[in-house]
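Have a look at these structures, which come just after this line.
Consider the two complexes below, in which subunit A is the common component and subunit B and subunit C are the respective partners.
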Partner chain A sequence: MSKVLTTAVLAVGLALPATAAIADTADKRIALSNNYAGNSWRQAMLKSWGKVGDQAVADGVIAAADAFTTAENQVTEQAAQIQNLILQGYDAIVINAASPDALNGAVKEACDAGITVVSFDGIVTEPCAWRIAVDFKQMGKDEVLYLSEKVPNGGALLEIRGLAGVFVDDEISAGIHEGVAETSGFEVVGSVHGDWAQDVSQKAVAGILPSLPEITAVVTQGGDGFGAAQAFKAAGRPIPLIIMGNRHDELTWWKEQKDASGYETMSVSIAPGVSTLAMWVAQQILDGQDIPKDLTVPFLRIDQDNLEENLANTEVGGVANVEYTLEDAQAVVNAAR
Partner chain B sequence: MAAARTAARLATRLLERPWLWAFAAAFLVWLATIIFTKGQGGGEILSAALAFGTFSVIVGIGQMYVITLGPGNVDLSIPATMTFAGAASMKIMATQDSMIVVGLLIALACGAAIGVFNYGLIRLMRIPPIIATLSSSFVFQSAAIAYGRGIKIKPPPSLADFTTARIAGFPILAICTVILALVMTVVLHKTVYGRSVIAIGQNARAAKLSGIAVDFTRFVTYVMCATLAGLCGFVLSGFSGGASLNMGAEFLLASIAVVVIGGTSVAGGFANIPGLWGAALFMFLLVTMLNTFGLGAGIRLVMTGLIIITVITVAGGKSTDR
Partner chain C sequence: MIATLLSPRFLRNALPALSLTVLLLAIFQLQPRTMSYFGLNLLLNLALPIAFATIAQMCIITVNDLDLGIGSYVGLVAAIGATWLNETPLLGVAALLGCILIYAALGALIHLRNLPSIVVTLGMSFVWLGMALLVLPTPGGTVPGWIRAIMTLKTPFLPFTIYAAVAVGVIVHFGLMRSAYGTVLRGAGGNPRSVARAGWSLLRTKVTMFALAGFFGMLSGLSLIGLTTSADANIALRYTLLSIAGVILGGGEFVGGRISPIGAVIGAMTLTLAASFLTFLRLPPDWQIGAQGGILIVVLAFRAVINRAEARR
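Here is the complex of A and B:
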């Protein structure tokens, strides 16, 4: 018996160096625990995961990259899902979390079971997990910095916020207000919650618009730019400079305005393909690399001159996207070191 | 003297109308808004309220009929139905003006089919309506996701123009919906079907014993509610530049809220349609008012809750004498 075991260990030991050139993770299985799939960003995120994951499996880099999504966007549901993934014996769990702290118990259980946990976008605060976070505050600030270049004299701003009570909304808004404080001449004269949805934004902007003075620019959080444009058009008001959020409808509208009247703006958001970045980071950790616990996701920014190129690469109804490679992930890791 | 007495009697009768409170609340909120803006934009705000209130009223009518059927009756599949019907019709029309009628029929057919499915679950599988419509909404929301994959297809130009057109500040869609509301009022109060709905809501057993076709009436009501949700998904997609996966989300609560704030009894058996309009305008104007005041999100949500509770308490206090 022990002889057979020794032979097996030896065989594995001999076999390993040969495959190590590709990766030591060929037998590792990675799961994606996702809390929500009901919008175009999340759909693109899952699609990118599927595409890059399948390729990685086909190339023999990892053994599996399975995606699991909960139906109700509930913390309890996702905690149960993570426990199931632990029982199924995955080597790494990549999480887009419904809550930054409420899943910590389940995440700790996974860590204790020797599973690598990487959270991204919706990160978790449990110290044993890796975090690939977005600097949302900087994103909001960048919008105002762009405006101060474009409109040096300043003017009245309308702010469209996201979903009230969500951390991301607070961060982007804080960045916008920080930017307004640091530059001169801008004032936020109105603020509405658009829930990152085009129809909700349209409704909210249409409601507040009649009571506002002339608006110089609209600062947004993504998904709301086209709705704002429609509300301005319906009210018969001059269209201000509206910051966009990389959605296909927003980019299409921008392109139409650009062709018709030379309309200028910029668009910034996070590429849904950040899920693939998280997958590569998980693979690198499984590979034994020393990866810092806190990493930052690069923004995907679209400007006047690369609009056409990005629009052409964006699926109809989707979000401008980038799928990350192993090299991209290594670059992000090196930047954090 | 006689004229004065008639006027007094009219005023008393008007005060007894449960829908009056929703309109009064809407008016007060509007007044507070334009006092704050010093009269600026009062007309435009009303016009926007009519335009956006339309969608809540369309789904509200269906929900009101369902709720009037009596305790436990509610349709939670409205958001999924809207999304599915909107996505299917936009995809099939493929921005062609010539396909608008086909698209409309598809949207209505999607709605009707979901209604039949819902009632099948309720009647044949004996599942309570809340559970049945909630679970069917999972099925159809997932179907919409699988079918559309988040794709947002623009509506045909003529449909977009029609749904956003205005005559002298009045949205055409709102005018059409006022007519729809009038028709459904007549149906509710003057037809055998409408009176059956109310009778079942007041006492299903008594209704059955007196020979009312209870099953058939409930079947028609669930199908009609889902069909109206399909219609709403269709026009909302036209209005907002395409169908999106989360377009129905806010109408789950909105459809129930306009029914309740409008003065319809949650316990069933007592409905009124004008209140839907009052409540829909109120809901939009309330958010507009709080946005205009520039209050923080937390205070806005608390205020929304408190004001809605106040309106329902004031309006409900009247109808409990019944």
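Here is the complex of A and C:
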């Protein structure tokens, strides 16, 4: 009898904290304000939001998780959309913003109306909002740090950059060069712009290859690894270690090489499921948790041992994705504290 | 009484106001929260910059031209407003006056060289955008405090936006529809030859209307950054087509001279509300642009029916 009682008490004790955390936000409604849905990354982002949001609603954690996308990628339209969401009485608005500054007026209106605003990926600078930003510089640096472990002696690097003049390209490249300066033995011997597209990268790499010495590794920004591999193959040169960017074609090629010759590399990018991270952060704030205003998106890194698993979960033509759980979000928050 | 109410002339003038009322009632029905000072303000405040841009477009349409660069121009004004006007007000004011002068010069160029306005203004849209990017390469800047203060003014009974919109409509109405020179300006669009024969300078009317367009475009940009608090060179690209739609929705016509300033302001409001209405309906985004076009077509179809009834009499 006493044993049963203890078990029951224990069970209640274990269950209580969980339900207490849930009950506070059970009647809260969260909206996603998204500025653009025209590429595979954004489509995957919306799909993840829908999946995790519906589950959270079904579990009674929140009352609603509705996604709204503006028809055109325009600041004024998104500002109007945010104001409409305020009127619809949402408790939190999660934003992927069309402009870091020009939505601040609407965001301020939302904050003044007592609404929690969480921005991610395309963040807003209004101080009352939370920001979940991507540390692109660290992403570039991580690539070189991985290389320094893999090839301790160093060697010649070919850098494939993204679209010229875009902030993301500058950040990743700066990170790569910082990594090269901090480790020893590596030298960037060539640099081309691949515009984050396989065909452009293939052409650009094929163009610069004849003028280059033997390449130890190729550092990339995502969407360009497969094109680079094709260029090396076409030129009849030994295929170096090429860092991948989580695209389906890149992972497929890597898998083929791994099975054929034990080829080793790593792949890194941002998971579109970061929208679900933002949703949990919003839920945590609504729950009354004290969350730092600036958080960093964790990278989705694929290594030799978890390649198959990630490849199986990636849609053809898509990007490797991961959906965040409440626990993942709490880990990100704790890391920022 | 009923005969007057059903006369096509009355119906045509009342149609824009009628469609706005219907839309507003539908929104109140869908989302009762909007039926308050706070709600109306959020619902309508972004309509004010569009109303200004629409009036600017109407000035150009009056003289039988079309402006495809107004959106980028508003973006440039926003960029200047959030940078120079805030840091060095004198330079900012000078730059804004310079913009209006360029607009006036465009009118002169179009008239003297007999160029198609669509080509000239489309070309200028890239110039405006380029200049905006030079002034403000990355989104940002700070809006001058006084503009922010005006745009967030807490007026009694109704939000500031409504007073401002009514004031703009009425002032432009008296200027263009009731004054003697306003008649000449409209005539220059509707029947340029007879206006020229009567001894009026067509060059002067074009320059006046283009300068007015530049002026209202400036008001549009400044009121917009008053709401957003900072600028982006691409902030108002959509205004080009919205302003044209607003003029037509409000009872104006492409033939020149046939305009309605109060209707244009109402047209701009209707367009803004149509977008909100569709959001409140929870229509999927993929359908929203089409649905917005659908609302436009329905209103214009009503007008075509009324026009036909008028022609039959």
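Definition applied: the second predicted complex is superposed on the first by the 300 of 337 C-alpha atoms of A that agree within 3 Å, B and C clash if a C-alpha of one lies under 4 Å from a C-alpha of the other, contacts with A are read in each partner's own complex, and residues count from 1 in each chain.
Keep this in mind: contacts are C-beta pairs under 8 Å (C-beta built on N, C-alpha and C of every residue); 3 or more make two chains touch, one makes a residue touch a chain.
Just so it is clear, the structure is predicted and the values come from calculations on it, not from any experiment.
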Partner chain in contact with A:Asp101 - subunit B first, subunit C second, else both or neither: second
Touching partner for A:Ala71 - first (subunit B), second (subunit C), both, neither: both
Partner chain(s) touched by A:Ala164 [first = subunit B, second = subunit C, both, neither]: first
Which of subunit B and subunit C A:Ala37 touches, first, second, both or neither: both
Partner chain(s) touched by A:Thr296 [first = subunit B, second = subunit C, both, neither]: neither
Touched partner set for A:Glu109, first subunit B, second subunit C, both or neither: second
Which of subunit B and subunit C A:Gln138 touches, first, second, both or neither: neither
Which superposed partner A:Gln330 touches (first subunit B, second subunit C, both, neither): neither
Partner chain in contact with A:Gln83 - subunit B first, subunit C second, else both or neither: second
Contact residues common to both interfaces of subunit A (with subunit B and with subunit C): 37, 71
Complex contacts: residues of subunit A adjacent to subunit C: 37, 66, 68-72, 74-77, 79-81, 83-89, 99-106, 108-109, 113, 125-126, 167
Of all residues in subunit B, those that touch subunit A in their complex: 33, 36-37, 40-45, 48-49, 51-52, 138, 141, 145, 148-153, 164, 236, 240-242, 244-247, 249-250, 284-285, 287-288, 291-292, 294, 297-298, 300-301
Residue ranges of subunit A in contact with subunit B within the complex: 37-40, 42-44, 47, 71, 161, 164-165, 190-193, 197-200, 202-204, 206-211, 226-227, 230, 234-235, 248-249, 315-318
Residues on subunit C engaged by subunit A in the complex (per definition of touch): 31, 33-34, 38-39, 42-43, 45-46, 49, 138-141, 224, 227-232, 234-239, 272, 275-276, 279-280, 282, 285-286, 288-289, 292
